[in-house]
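Two complexes come next, and they have one chain in common, chain A, joined by chain B in the first and chain C in the second.
Moving on, here comes the complex of A and B:
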């Protein structure tokens, strides 16, 4: 292939990867009243307005809550699950692995519909609870997978060595296994956090009056008000995600685990 | 000194429904260095894991220092185990690796420090306290694993293939190190190996195992000179083992007259016991290699291949040429079937 065509492919790929991000950043900087690109004049007023919209504040708080505590719940279930799948010769381990991965494979819209029809409505669960359970389930596959891959690198005889030196099995887990999969756990947390925070399809079904995650709230805001504040908010969220992943990569070598 | 310091009685060990070791009986003397020797799958590692408490026996009894420990969990057994892979804790410094077991005993900090430093000095690792295991060489990791076990002052120290991951020169160094530590501490050591030269060089006694059973037990000199079976002979370097019929040696490929009535159903020779250059038989040279003090030949004979060592001062016979050889009565090891 010629040098020129390689550059063309590279340029086109980068345009489609980074282009939308750049458009959103600049659209938010507009001084005009409508969402448009290129921006009409430059101003930071829409970035400022984001922080004054009451529903954005509430939905941001809900999304943060779901991303943090949903992911922690997924890790509390996922770490022992990954350990058991890794260390013991369980009957049906492959089936369990497949079931655990199901929420990734099944489209979110189906997960949302099924949960709404057969979980939320018949059991009369609160919307916040329904969202919490759903986000935990959606993050669980990542927790199990990422923790599994770091457990794979840890030899089982290290735990036996700890036991022979006087540890109980549980102490061997907390003193030897956990410190050595710390990086994997943090990577799983970040991946889970970002997945939960950006989740739309399932949350769309489960959002109710006054209880919405941030992406859903942004959608409904745009249906009524077509001003550049959504672009400004999107840009801020994108910066937050990038900052988290960048920090994780620098601190831990995040990409080793994913 | 108890000669039943570690005592295994009718010990049966299994993995699921597969019996790996059926009814093993073995007494280990206090302060001795004993080798469990055998090919892979002979049950040597399984037996060692049972002594450590990492594998619960199906039946039978394990006693250590007069106490029945058959049902004692591994973390209460007071035994040291050096793993083949060393199993060091990668997240801890060398110092903390050695101090790991002492901290679990909740000893005062000053005592932990003193014991750990003494332990690291014993294996010559003073100055390496802050290194992580990943920053140490194979030999240093091996010594660190040894120190980590020794500071616990175990009644028995088990070592799984302690030299197998080291290169030839380090292996020799570590061998001396193990002997020195054993002599200095007087600790009872049991080590597992598949390498007969390692067992011969290190052990006070060798337990040769086959199919979960003791094939032969004795000092290195006894096993080397007087293997009791064809299996033991093969393991001890008798590479030429043939059946006898009347006054003939027989194999699947043919027969060769001995010239005298065979005393036992099997006769075995080391390569060094085969005479080359003179003798009543002829063999074709299939392979010839220089081995320092002697030359190793592989000969094609009516019995099949024969391995023979010739003195280095005899002229080399080219590949494909015929050479005279003898299987002398004096160097034959007679074996029961």
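Moving on, here comes the complex of A and C:
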């Protein structure tokens, strides 16, 4: 294939993948009242307005809470599980692996409905708690997978040596294993954070008035108001995600783990 | 390998029990709802569901869009992946990064872009009315085409990534060798590239197909209630008519479709070709 045709094909593909998003960034810069492209005059007013919308602030805080603490909770139960699956001769290891991976396979909207009907309502769980549990379950498979692949690269003799030299098993884990899989844990955290922060289908049924994650709040704002503030907010969130992933890639070669 | 099984189980069980209790049990109960009517087991829920023309239409549309999106992304994916693999190493990483980039951006934001492009006052309609092709804006949103475009843009990167990683394993000289020996590009693709990248195609195809079947945001924003897919239909059944039997049927259909797509494609990949 000639150079020209290679760049034509790649140019067209990338325009299709990224072009629409550049349009969103510019649509948010409009000085006019309605969503349009090209924007009617340039201003930052919609980017500023995003910060003053009360519901956006509340839902941003909730989404941040879920993404951070849901992922930490998933890591707290996920790291020991990944360690056990990697280093122990477990009876039923395959079953445990399948159970933990299940939340990736089941469509999100079914998860949300099932949890609402048969977990939240019967046990009288609060909405925030229900969202927290759901996001933890959804992030757990990623946490186990990424930490597992990082444990695979760490030879087990190192811990055995530590134990022979007088460490307890727990000390061998905290002093030898943990420092060596730090990068994998951080990669798992970032992947979990982005997954949780962008999650919609599973949170849909679990969101009530006043308690909504940010993407769902944006969806319902869009249904009522047709102004460029959602475009501005979309652009800001994209910058945030891309900046986090980019920083992670620069700092620790994130893509090695995913 | 440590041999203390009790210790290993104690470490693994919290995660497994957590997922089992708060995840698998509720989903299992939801799926069983459709098999019960009046206290006994029956398939009446399924019979009633498929008896309604709207449900049939939505089911077939979801299947059709899933196949179309997976097929189209395979065609574009092969072209793009072949180009990426043939780039000089310096630009390859950068271009690959640009393909991965959209995956980091919220699907809500990515789908929202199509409103700006396809809406009544969007770019496409500006061009159409500007050129005088039509006096009034054309309805482009809330059509199957809009949902198709949105889904394709959402899931195409997954196909390209899978194909690139399996094409990178093809030895450099294979394609030029086939060409020198007189194979047409058509033959090169079907006799050389396709058999060697079958695994990547299967992984990408499964990801795109199941992704398209189970997407909620795209059909909700770009299809609305005019172009329902199974996910948006499920939402309506629950929120507007409290019909949990239908919701349970849809849930089962989605799960069965995803699993059988997985199995069928795996079978296809291991078959001799």
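One rule holds in what follows: the second predicted complex is superposed on the first by the 255 of 258 C-alpha atoms of A that agree within 3 Å, B and C clash if a C-alpha of one lies under 4 Å from a C-alpha of the other, contacts with A are read in each partner's own complex, and residues count from 1 in each chain.
Criterion: a contact is a pair of C-beta atoms (placed from the backbone, for glycine too) under 8 Å apart; a residue touches a chain by one contact, two chains touch by 3 or more.
Values in this document were obtained by computation on a predicted structure and should not be read as measured data.
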item	value
First, second, both or neither for A:180, with chain B first and chain C second	first
Which of chain B and chain C A:157 touches, first, second, both or neither	first
A:166 touches, of chain B and chain C: first, second, both or neither?	first
Which of chain B and chain C A:4 touches, first, second, both or neither	neither
Contact breadth on chain A, by residue count: chain C or chain B	C
First (chain B), second (chain C), both or neither touched by A:200	second
Partner chain in contact with A:42 - chain B first, chain C second, else both or neither	neither
Chain B partner contacts - residues on chain A that touch it in the complex	155, 157-158, 160-168, 171, 175-176, 179-180, 182
Complex contacts: residues of chain B adjacent to chain A	52-54, 74-77, 79-81, 83, 85, 87-91, 100-101, 104-105, 148-149, 152
Residues of chain A touching chain C in the complex	1, 6-7, 9-10, 13-14, 16-18, 20-21, 23-24, 27, 34-37, 77-78, 80-81, 83-85, 87-91, 93, 95-96, 99-100, 102-103, 105-111, 113-115, 117-119, 133-134, 136-137, 140, 144, 156, 169, 194, 197-198, 200-201, 204-205, 215, 218-219, 222, 230-231, 234-235, 237-238, 241-242, 245
Chain A contact footprint on chain C (complex, rising order)	1-5, 7-9, 11-16, 18-20, 22-27, 29-30, 76, 79-80, 82-84, 86-87, 95, 98-99, 101-102, 104-110, 112-117, 119, 121-123, 153, 156-157, 160, 213-214, 216-217, 220-221, 231, 234-235, 238, 244, 247, 251, 254-255, 258-259
